Amino acid sequence: MLIFEHSRKNRRNYSQAPATRPAKSNIPDNLKRKSAPLLPEVSEMDTVRHYTRLSQKNFSIDTEFYPLGSCTMKYNPRACNSLAMLPQFLAHHPLAPEDTGQGFLACMYELQEILKDVTGMSAVSLTSMAGAQGELIGITMIRAYHDARGDTERTEIIIPDAAHGTNPATATMCGYKVIEIPTNREGDVDMDALKAAVGPKTAGLMLTNPSTLGVFEKKVAEMSQIVHEAGGLLYYDGANLNAVLGKVKPGDMGFDVIHMNLHKTFSTPHGGGGPGAAPVGVADCLLPYLPIPIVAHEQGVYRWLTEKDRPQSIGRLSAHMGNAGVLLRAYIYVRLLGAEGMFRIAEYATLNANYLMAELRKLGFEIAYPTRRASHEFIVTMKEIKDRTGVTAMHLAKRLLDKGFHAPTVYLCLLIEPAETESKETLDRFVAAMKEILDEIETQPETVKTAPHAMPLKKIDDVKAARELDLVWNPAG
Amino acid sequence: MSVPAELKYAKSHEWIRLEADGTVTIGITQHAQELLGDMVFVELPKTGRSLKQDEDCAVVESVKAASDIYAPISGEVIAVNDEVESSPEKINEDCYSAWLFKLKPGNAAEIDGLLDASGYEELLASEAH
Amino acid sequence: MPFIPHTEDDVAEMLASIGAASIDELFDEIPAELKNGKLTRVPTGMSEMEIARLMYERAQQDGFYLNFIGAGAYEHHIPAAVWQITTRGEFYSSYTPYQAEASQGTLQLLYEYQTMMASLTGMDVSNASLYDGASALAEAALMAVRQHKSSRRILIPQTVHPVYRKVVRTIVKNQKIEVVEVPYDPATGQVAADKLEQFAREEFAALVIPQPNFFGVLEQVDMLTDWAHDKQSLAIAVVNPTALAMLKPPGEWGHQGADIAVGEGQPLGIPLSSGGPYFGFMACKQELVRQMPGRIIGRTTDLEGKEGFALTLQAREQHIRRSKATSNICTNQGLMVTAATIYMALLGPEGLYRVAAQSHANTLTLAERLENLSGVKRAFQGPFFHEVALQLSVPADKVLNKLKAQGVLGGVLLEQDYPELKNTLLICATETKTTADLDKYTEMLQQALTT
């Protein structure tokens, strides 16, 4: 039942809105609204019940294991939320003078310093509001770098075919042509293809390491050399930074610009699809182009750097300071962890992934890159099972929902990332569920193919959703 | 896999029928239809538009994928199939009768460069590996 | 310390299963020369008690002020239920609703949100949100160029938020889209109708129309919308959602209505919070829906015919379309939209109207009182919503400092972005301001002007 269907004409919440309906106005009649918008008229209790019930229809980290590959669904510590929501922080207007926000700015400055250290980059801007925006910033800076050198013939960005879809979409948004290069059987980028692809038109290479295939790109130093020798720059998509935190720094791998997803590695909430935050780090060559604002610390005072301080900056990407409240949560998280905690994250994320991979392999699941270590995630291929039984990765994913586990990331395969915050018992329960499903595939494949069964709804008809677009409720039906 | 012998084919999985009046009719093949799955949206070029060979000129969309349709030969669009725009599922039902658009060829020589049924079957066999 | 539950026994058993001697061995594929375990600027970890103490101190250092600043971010009362429900773990810690059957809560909420925003803006459809108001305008500009096909130029009045204009430039310039600015009428603070004439013969993909504009002034939206449509350009509305409870929605502007409506969603239950996270909203006419970026939810059924919700039109998006996607946007501001939906449900049409009307009346009252002071005059004669620009006869920065010393944030200086507007303050008094607050501001400004 929709909130609108709970609505009764003239039902109101008297305590939440102003008590009176002032008539004082200078708005001309022709600019006034003539009919009320379609908002529900419901009591506070009805509203609370409705949205509490809706929340209960969601899977979440707080309620289920969520092994979504490349999404790093780790526990979101409660302290990060409650301390970021202290009333003074919430009340602070973004355009209030800097001297009224020194406490907040101190947190932002320290976060910049910590992220520089962790990634091995020269400077960090916190403004980016999501991974895709971080990419946009990075590629825009690469363009600014080439343009500033008068090198305007570079029109191509090279991207491995296994990359996340945002990479090619970003390159196109930045006016570049995308050159996709293949991956070899070991899961590494095909070096010959890379060598053939680079040239005077190469503006840069976008790379995720460890890759979306769940393995560490061993020849990253050589790739860096090939691209740099051709005059291009290297972009690091930090989607999988959790796997190498404290082990390898993107700066040491030769990257010129990176974004890091705080909603993954630094445990800010996913919130049902945002807000994210994806600070961007740069090497010296891109320093002048970093987007503003950036926090500076001068003579004991924190202040925002603006266009005046950074005339070559690519500019601004948000009206104020990006997703400031998300950054505050990440700051609290990194202070809780400390340096010693950082090292352990990658270690235990990797331990969990390799353990899960080993256990699933013992059950008979086929691993995509069996000769490789898992990074913090790995791929189970479903080809043999599908060819033999017709059960697909998506069928298996839906059946996992019935067993109380969120599905892994599904392409034609399953990309599984357990994250460091899960205990061995949880992983063992997941393995047991996978075993049950494996048995079902042999004995009663239809049960798997028609899953889910234990959810409030059966499989959703997304073909109907696309063919008969119903995007807005209409009271007339 | 159905690959009618009387049709011509493009590597990007369009079929082309040479009509008696010298025009050509274009659709997508059974292989393309199966790969895309349940069709939910089709966008076709405007009648009168002149297309270059290999120019992307239409889009077919399923829930899980979207695919550009490329002009197999150059020419002027003389008709589009409104029926598949309003009912994209017709492509799934019978992709060889649910045509997309018709062209008046701009360069007849390009037609000779298209694949015949056996050539297209070879292409499918090689892509299966 | 990290949030890791493993006991020593767990680790031993897990390593045995893997067949590795140590955790370190799991990193043996990383070339030794790349390994770098040194962190020099990350401090030692803190306990929850210690970090709480630090954050309390920093929050206290920032303190509370009586705030009259608006300029794109507005202080409104947020009912307690909004964030109590929004921060429930099932909303807070869930992922993007790609697995529809395990995400019906978020999906239904987003469908309700789309319905509310479409109605509020008077448009046919809405997406499930974008990053913020500024980037939403940039996306609308890209969308207009895709739709228009023939022109790659966008007309943006100088009455649009200055930072929005900057963000649009940052985002569209890579695609060789030109931004052309339209001056404002110095008397009214509105888009100068006579200056529009100079663009009459040129082709533009769209005209951006703010309502209210950055000065708080109401634009002649019907005339502007028709002007755009007469020359085959799209009309992009940039609107304040609170104001829409009182003001004619973009879908009803002019003869045909605006084509796209975007704006900053922050006024709908999102705290000021130093500038974010907020959310951008975007609504449009039905015929533009496939050009709209971002996530969109559709109502459908499950295989047994029960009502359900799913992400739809996904083929436009980057994870399928890759380099041909409508935008690289992958995220929406899901949690912020959760709060906004609960906010709109709690207030209802009458409550939201009262918030708007009280904010408008408070600003009008304050403006009248301040105008009566000697040395203060209204910068523009056009009608306004809940912000007003006032010109002072003395240096305005000094006045603001004096107010700040007494705990009042008196507005922002327009001179930074409009050098011609010397000593001019942009002031906002929302429904959160009492009569006593307005008195206090008036008294303090009077003192500051005379001392």
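Observations on the structure shown:
Residue numbering begins at 1 within each chain, and the chains themselves are lettered A, B and C in the order written.
By definition in this document, a contact is a pair of C-beta atoms (placed from the backbone, for glycine too) under 8 Å apart; a residue touches a chain by one contact, two chains touch by 3 or more.
This one's a predicted model, so the numbers in the text were calculated from it and none came from an experiment.
More contacting C-beta pairs link the chains of A-C than the other of the two pairs A-C and A-B. Here the chain at the heart of the shown protein, by mean C-alpha position, is A. If you average the Cα atoms of chain B and of chain C, the two centres end up 44 Å apart. Look at where the CA atoms of chain A average out and do the same for chain C: the two points lie 20 Å apart. The mean-CA centres of chain A and chain B are about 38 angstrom from one another, to the nearest whole unit. Across the assembly, chain A contributes 462, 465-466 as residues in contact with two or more other chains.
Annotation for chain C: residues 314-315, 320-321, 324 touch two or more other chains.
For chain B, residues that reach two or more other chains under the stated contact definition are 40-41, 61, 63.
Touching chain A in their complex are the following residues of chain B: 38, 40-41, 61, 63, 88-89. Against chain B, in their complex, chain A makes its touches with residues 462-463, 465-467. For chain B in complex with chain C, the residues that touch the partner chain are 40-41, 43, 61-66, 68. Across the complex, chain B is touched by residues 290, 314-316, 320-321, 324 of chain C.
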